[in-house]
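Chain IDs A, B, C, D and E follow the sequence of writing; residue 1 opens each chain.
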Amino acid sequence: MKLIIGFIVLWPLVGFLFNGLGRNIWSKKTIAYKATGYVLASFILSIIAFVNVQAKGAITVHYFDFINTDTIKIPFDFKVDALSSLFLLVITGVGTLIHLYSTAYMKDEEAPHYARYFAYLNLFIFSMLLLVLGDNYVIMFIGWEGVGLCSYLLIGYWFTNTTYNYAAKKAFIMNRIGDLGFLLAIFWLIVKLGTVSYGTVLTAESLAKLSTTDITAITLLLFVGAMGKSAQIPLYTWLPDAMAGPTPVSALIHAATMVTAGIYMITRSNILFSASEITQHVVAIVGISTALLAATIAIKQNDIKKVLAYSTVSQLGYMFLGLGVGAYSGAVFHVITHAFFKALLFLGAGSVIHAMHHEQDIRKMGGLKSKLPITHFTFLIGCIAIAGVPPFSGFFSKDEILAAAFAKSPIYWVLGVIGAAMTAFYMFRLYATTFLGKFRGTEEQAHHLHESPFAMTLPLILLAVASAIAGAIGIPELMGGHHWLSHQLTPIVGVTKEAALSHSTEWALMGASVSIAVIALLIAVNRYKRQADGEPQTALGKFLYNKWYVDELYNNVIVQPLNKFAGFLKETIEKNIIDGAVNGTGKVVQYSARKIRLIQNGQVGYYILFMVLGIILLFLCWFNDITIHRFFNN
Amino acid sequence: MNAIIVSTLLGVIMMFVSWGTNNTKLQRNIGLLGMLVLIFANIAQMNGWLSVNFDTKGMLAFNAIGLYVNTILFVITFIYLWINGEEIDKIGSHTADYYAIFFFILCGVSILTSFDNLLMLFIGIEILSIPLYILTGADKKNLFSNEASLKYFLMGSFSTGILLLGIAFIYGATGSFHLNMPILNPATNMPTEHFLLSAGLLLLFVSMNFKVSAAPFHFWTPDVYDGAPTVFTPFMATVVKAAGFVAFIKVFEIQRIALGQNTWTIILPFVILSTLLVGNITAVFQRSVKRMLAYSSIAQAGFMLFALYGNSTFNNEALILYIVAYSLATIGVFAVLIKMKDYSIESFNGLAKQYPALAFLTTLFLFSLAGIPLTAGFFAKYYMLNAIFTAGAGIWLLVLAILFAAVSVYYYFKVVQAMYFVEGTPAIQPIEKSYERKLWVIAIILLVLGVFPSLMFNYLYF
Amino acid sequence: MNTLEILFYALSVFAIVSAIMVLVSKNPIHSVLWLILVFFAISGHYILLNAQFLAIVNIIVYAGAIMVLFLFVIMLMNVQSDKEPQKKLLIKFIGVLSGGSLLTLLIALVKQTAQLEGKQVLMKEGTIGLIHPLGKALFNDYVLPFEISSVLFLSAMVGAVIIGKK
Amino acid sequence: MPIQYYIFFCLTLFSIGVIGVLTRRNAIIVFMCIELMLNAVNLLLVAFSKMYNGAALQITPGSTAGIDAQIFVFFIMVVAAAEVSVGLAIIVMMFRNTHSVDINFLNRLKN
Amino acid sequence: MVLLSILTIPFIAAIILLFVKHNEKANYVAIASSAVTMALAFNIAFNGAANFDADWILSLNARFILTADGLAKILILLTAISFPVIFIATSKNELKNRNQFLALMLFTQTGLLGVFLAGDALLFYFFWELALIPVYFLCSIWGGEKRIAITFKFFIYTFLGSLFMLIGIILVYSNTTDHSFLIASFKNANLTAGQQLAAFALFFTAFAIKMPIFPLHTWQPDAYEQSPTAVTMVLSAVMVKMGLYGVIRWLLPLFPAAAASHANFVIVLSLIGVIYASFIAIRQDDVKRLIAYSSIAHIGLMSAALFTNTSIGMQGVLIQLFSHGINVLGLWIVADIIEQQTGTRSMKALGGLAKKQPTLAILLVGFAFANIALPLTNAFVGEFLIFNAIFQFNPWMGAFAGVSVVLAAIYTLNMVQKIAYGSVSDATNLMQVPNKSAQFVLIVLLGIVFVTGVYPQVLFNITADTLQQLFVK
């Protein structure tokens, strides 16, 4: 088992090294096969691991000591349990599909860059697997930063484009801000508990050792980490910009896997989070605010990937809402379903972009339904799933979160439903503008429109199927299911506390949210099936179109002042004050040198005069001393 | 005693040599031979092989340190004469006379390392000084030399007056010229307060400060060192000054108690710090290397004055090492300087390219002066600081001392920079290999002492 | 006030006035002459103190030999009194001031010296100033410095040769 | 005669010498003033000599205490003579070159 | 004996080099000698070595004693690895009188090794200066345009600092019971509280200037900028470690009370420096200056961790001493290649390296990420422990220090972006020949980065005994 689990992680690493080192040697075909093959191998091993966990329960394996000193010991251990094995499947599974998809999508790249792309992807899978497999927070942190790195590399994949580089840098730095929070939380744990292994930290005994302040601080800091990685207010702005990367990357990293790391981390640490009321509220509020904010922005975006990006942010907000209200399994459920349908949507968008020759503006699309039938169909399924229409997967997961939110506070529920409605609206706005109506692009584009190759459509189909049926793993008992997922996760997150709701309430809530969503989607389809949005006219429209001016706000309030501050330090403090003091000392010496040497004026008379004065001075010195001593002695 | 007698005799011999022959080379070699004889004679007394002894009636007292310093100074003089022999010939046509004068000066040096009576101090100082006035003015046609000589003479005479007044006061207070005059109250074993004595000592202090060119009695130094024929300057700045320090210490080793230790720890640091200040700061802006070295010698004197701070074996060790390190390095630098066509720093430009070995040697000498490790100068400074700290000086004094040491690096390194880092052709006369080899001797001594300084003291203890 | 005291005061005043005249005379030759008078006054003091040998030596060496040498040199240079350069008044004032303060300081010190209170100088009497005891002392206890001072003369001689010879 | 009187007198002479050195420009006069200083010291030493001798005589008749000071004075005179010879030689040399004995002109070496 | 030979080999090689006029041969001599040194260093680091002890200055009771504990080992290893790497990487650079250059470099190496090995305070001081003086000449002769003034400032600054240390040595020495310079005697010296404080201040000044700690750092960026790159590499990879080494070896064990009572002051100063330098680095356009400020920031972190007086911080610093050296060496080599081939260090003029020379760009990115302590690179382990220590000492300080993590990302990525990414600039277009030997050593260095990043236990094992000495009483 030790080997199997080890190789789950190692295969992508091997792929990374293989592609990275051989980028000038191998043909594109070899690269593609190997890259996909290694991830597939991981996937297969993950299934084995999963089955094993199902059969025997959680497994912890020890490899070596990462850090082992007399004060702190951080082993390099992996832990496969219900939670991580689920994540393993999602990561490697979706990963495999996206690798497959990429082989076709990226085929125009030159071989070295093609290899580079797959190397990054493999490295990403490797990091992500480290993140979920690690048996302590430090290993998780290694993966955590690793995925940040890969995200950076992939966003800036087309490195000659300066804008993309800025986006990549922004992503990395915002992630780093979050990582700092995570890091501080780890330190806090080490200071208080002396260990970071889940096995010891996440137990009741450890909890007893921590004061409420400790727990609140630790969980808040952890949450800061999650904010960065999972793009929550205020650290969300990198995610929409991250769409600069190739579309499969957006699908894999910025929709399906990496951004859910925060959810994974909080779910993993649920004991701590549940112990802090304050943190839970913070998480829930930040989550729902993000969900709504992103949804409002998504309504007015015209870039196909931007819409999906804000939709991701919004969905992540939902997940955090779920975490905040204690519906850990609900959040994980949503992670899984979201992985499927968002990956599907992104890949679909990729297929569209591919067909449109890298045109991403939906106003220039329209009527693609007939030209791209498979893409259209799968995309539609994705939209329905995300809109929360039963019986597609999104419905179940979203509903579970909403139900839990209601149990916590009806306000959360109301806001959640508004968000859901907006989700339905903007998704179908997107769908309608893109696929319905008439084609609005150029003649040439119209001429070249074609369905994508099989390597691209296959993942679409598979994901569409998954999006449609994935809800099955979590059909609530209410509907006669037995919520397999929830049972799966019970050893880790405990029993979800939603039992308070009566069945009739639940049915009512479900009905309300679904009907509102359906109404919203119908409005959207109706409005956008013939025409696209023009330039925004109203103030609100502009406001939303410009993303609440948050980027501008950050730029003016944080980035520019800090930049100015740095300039001030460099130009004024460093140059004039600190170095000035150093050089000033030299200047003083030189100045006094110029002056003092004038005493030596060449005149013997003066010299002797100075001597006489010197004698007088010495006498006075001595005289003074004598007198003073006499004064004190008497 | 041997040294005094032999040096006098040698001086007389050299006078006769000057009448006997005009062959400067022969004169030079006789002089060098005489130096060897003198060194041998002194070593003979030091080791007790052979020494002329008669009752000096308390005028002189020979002790190990005095004799050792004699040896050191004689050897330094020998090295000086050996290196600069040809240059000395170029000053007028009195080679043998100069050697005679050197021997007379060395006689004065021997007296100053062994006097036990203020009369001998006075005579010693005069024997040391009067020939120096002459050496300074030896370049008769040179107005600078004339001027320096006259300045030196006038100020030197003035300081003699001060010295004599001091001695008179001391005599008035104690009734004796002897160094071990009764200064302690037999009853309390503490110094009695005697203003006349203190005033006398202070005046003595002043005139000794004058001799070792400590501020504010240093004014003659830059002008004289600058104006004197370049070949004589290092001798004045090293051997003569070192003898002055030995005499200074001899006088105040015991006598300072009469001033009161408190007074001593106020006026001495005052003098030391002003010396360091004036020497170092003024040296910074000199365009002439010769003048810069004159100021630097003031600064070095400031450091040597530390040896007066306390009295322990540390001080003697420190002073001995300092004398050797400073003297050899100064002689070395001047040996290079004298080959320069003019003494501006610019004339050193690019020396490293034309004469790499010479530049290296110069650098080494300057490093030693600056007190950079691996050279004897470092340990000289180290021992000195260690000594004063052991003697109870405050940290602040040490800190100030090293601040000035850092300033000194500034001007010494200007020469190094000119030699190594500035492009240009050095204004230098052709240097022969043999000349370089002589300088290597100095360099090796400095380097060896820079690693094993205790070689200097083994004699004192073993 | 007895004769000795009168003589003391007279000689002292005479010496001081002559000394001041050395300073204020414009003509260097006059200065030399005034200085000779100072030396005579000091020799008078020596005689008062019964230091006859020194009195004679002072007159012979100082007033006789040295001052004549000075006179020769001044004559040789043919320095005119009207060409005699003068320092600025301010400098002169500062010079006088610092000399004066040195004097004041030293006098203050001497005055404060308790050990000197009541000490008398033996006038007229005592034989140590006579040539016989001095000679004995010189050739007994002070023979070494006496011999060594010859070195001084030798070097002065060499010096005169070096400097004087063209 | 109290010793203080002699000291005061000698100090006065000495200071006049100092003042002379400080106020005159003629090198020869300056030198003469230095000689004046030396003479003042000489007299002071003789006075001290007689002071000690007088005190000693009261205890041991025929004592030669204090004679060393007179010997010292003798040596000072000797040295002064040597110094004068050298000094005047230097001044003459200077005069030969510059035709001046003004010390204010001795200012080529400075700073 | 091994310890003595590791000192003498570079020294003798340096003297030999003075007579080897031929450039290629000089290179071989230098590389060969440093390779032998490296082999010895590995031997010492992994097998240990007996102390070397001999009389030196009898009258002062100073001994020529060399010891190699974990701290010394790791730094010797760093020094010994750095020099061959530097020699190989810069072997193609054009230098007049290359043999003299290499000789001075080897003298520096002798000094550095001596500093790390000396077990006697006077010997330590001796080597401390010996390491500095060749650098003065190296920078002044082969440096940039403003080299003379800048190097001089650097020299005087550090020289003054070391003079302060000398006074400190005198102060402690005079109070030792057996009048000896041995560390053990120094530890047992009878110092009053005031004296201890004074000695602490004196030693600290020397080390603070060398490290350098804010606000005594201004010599550094200038010196790095103006020095020939090989020297800059030595300066930043090894030489700044002297200050930290001094703190660990001399300051903390000798004056524990003073160190403890001033820990707050030093840590705050260090951390201000960390943030300050990071901010300035953000605004730098010159690659060398940027790396210099980045180095100041990293060193500041280490110094802060040292003064927390925690075992974990010490452990972190011990590792980081090595790791930072390797990383910064890598960065310098890349910067040097770029400067050599394009003739500019201005990031504005650069760009598009990834397109022009992808291998170099990859290496640059690799070291850049090591520089910002990305996990699985060597710096992560050290900085993790360091931040941890600071956090333990005071959570607020820890958080403040943590800001540097973000700032480091900003300036490092700025650099990467401006150099490697974007379209190929005119200057970058000049880059033609990939410097094979330099790339080779870079790859080796990057290998070290990842090996020690993934399995830092290698380094922990070397330094374990030092930690024992310092923290197990």
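To be clear about the criterion, a contact is a pair of C-beta atoms (placed from the backbone, for glycine too) under 8 Å apart; a residue touches a chain by one contact, two chains touch by 3 or more.
Everything numeric in this text was worked out from a predicted model, so none of it was measured.
Colleague: By label order, what chains touch chain A and chain E together?
Modeller: Expected: B.
Colleague: Comparing the two chain pairs, does B-D have more C-beta contacts than A-D, or is it the other way round?
Modeller: By number of C-beta pairs in contact, B-D is the larger.
Colleague: When you take the mean of every protein CA atom shown, which chain's own CA mean is nearest to it?
Modeller: Checking distances from each chain centre to the full centroid gives E.
Colleague: Work out the mean Cα position per chain and let me know which chain is farthest from chain E.
Modeller: C
Colleague: From the centre of chain D, which chain's CA centre is farthest?
Modeller: Chain centre farthest from chain D's centre: A.
Colleague: Taking each chain's centre as its mean C-alpha position, how far apart are chain A and chain B in Å?
Modeller: For chain A versus chain B, the centre distance works out to 77 Å.
Colleague: Using mean C-alpha positions as chain centres, tell me how far chain C is from chain D in Å, no decimals.
Modeller: Those two chain centres are 5 Å apart.
Colleague: If you average the CA atoms of chain C and of chain E, how many Å lie between those two points?
Modeller: The separation of the two C-alpha centroids amounts to 71 Å.
Colleague: Mind checking the centre-to-centre distance between chain A and chain C? Centres are C-alpha means, answer in whole Å.
Modeller: 102
Colleague: On chain B, where are the residues touching two or more other chains?
Modeller: Residue numbers touching two or more other chains: 119, 123, 126, 130, 133-134, 137, 140, 150-151, 154, 158, 172, 198-199, 222-223, 410.
Colleague: Check each residue of chain A and list the ones that touch at least two other chains.
Modeller: Expected reply: 597, 600, 602, 604-605, 608-609, 612-613, 615, 619.
Colleague: Find every residue in chain E that makes contact with two or more other chains and list them.
Modeller: Residue numbers touching two or more other chains: none in chain E.
Colleague: Pairwise, which chains touch?
Modeller: So, checking each combination of chains, I get A-B, A-C, A-D, A-E, B-C, B-D, B-E, C-D as the touching pairs.
Colleague: Within the complex, which stretch of chain D touches chain C?
Modeller: Answer in residue numbers: 1-9, 11-20, 22-26, 28-29, 31-33, 35-36, 39, 42-43, 46-47, 49-51, 53-55, 57, 62, 64-68, 70-71, 73-75, 77-86, 88-93, 95, 101-102, 104.
Colleague: Tell me, which parts of chain D touch chain B in their complex?
Modeller: 3, 7, 14, 17, 21, 27, 30-31, 34, 37-38, 40-41, 44-45, 48, 51-52, 65-66, 68-69, 71-72, 75-76, 79, 82-83, 86-87, 90-91, 93-94, 97-98, 103, 106, 108-110
Colleague: If you look only at chain C, which of its residues touch chain A in the complex?
Modeller: 87, 91, 94-95, 98-99, 101-102, 105, 109
Colleague: Note which residues of chain B are touching chain D in the complex, please.
Modeller: Contacts found on chain B: 119, 122-123, 126, 130, 133-134, 137, 140-141, 143-144, 146-151, 153-154, 157-158, 160-161, 164-165, 167-168, 171-172, 175-177, 222-223, 226-227.
Colleague: Looking at the complex, which residues from chain C come into contact with chain D?
Modeller: Going by the criterion above, the answer is residues 4-5, 8, 12, 15-16, 19-20, 22-23, 28, 31-32, 35, 38-39, 42, 45-46, 49-51, 53-54, 57-58, 61-62, 65-66, 69-70, 73-74, 76-77, 79, 84-87, 91-92, 94-96, 98-100, 102-103, 106-107, 110-111, 116, 118-123, 125-129, 133-134, 137-138, 141-142, 145, 149, 152-153, 155-156, 159-160, 163-164.
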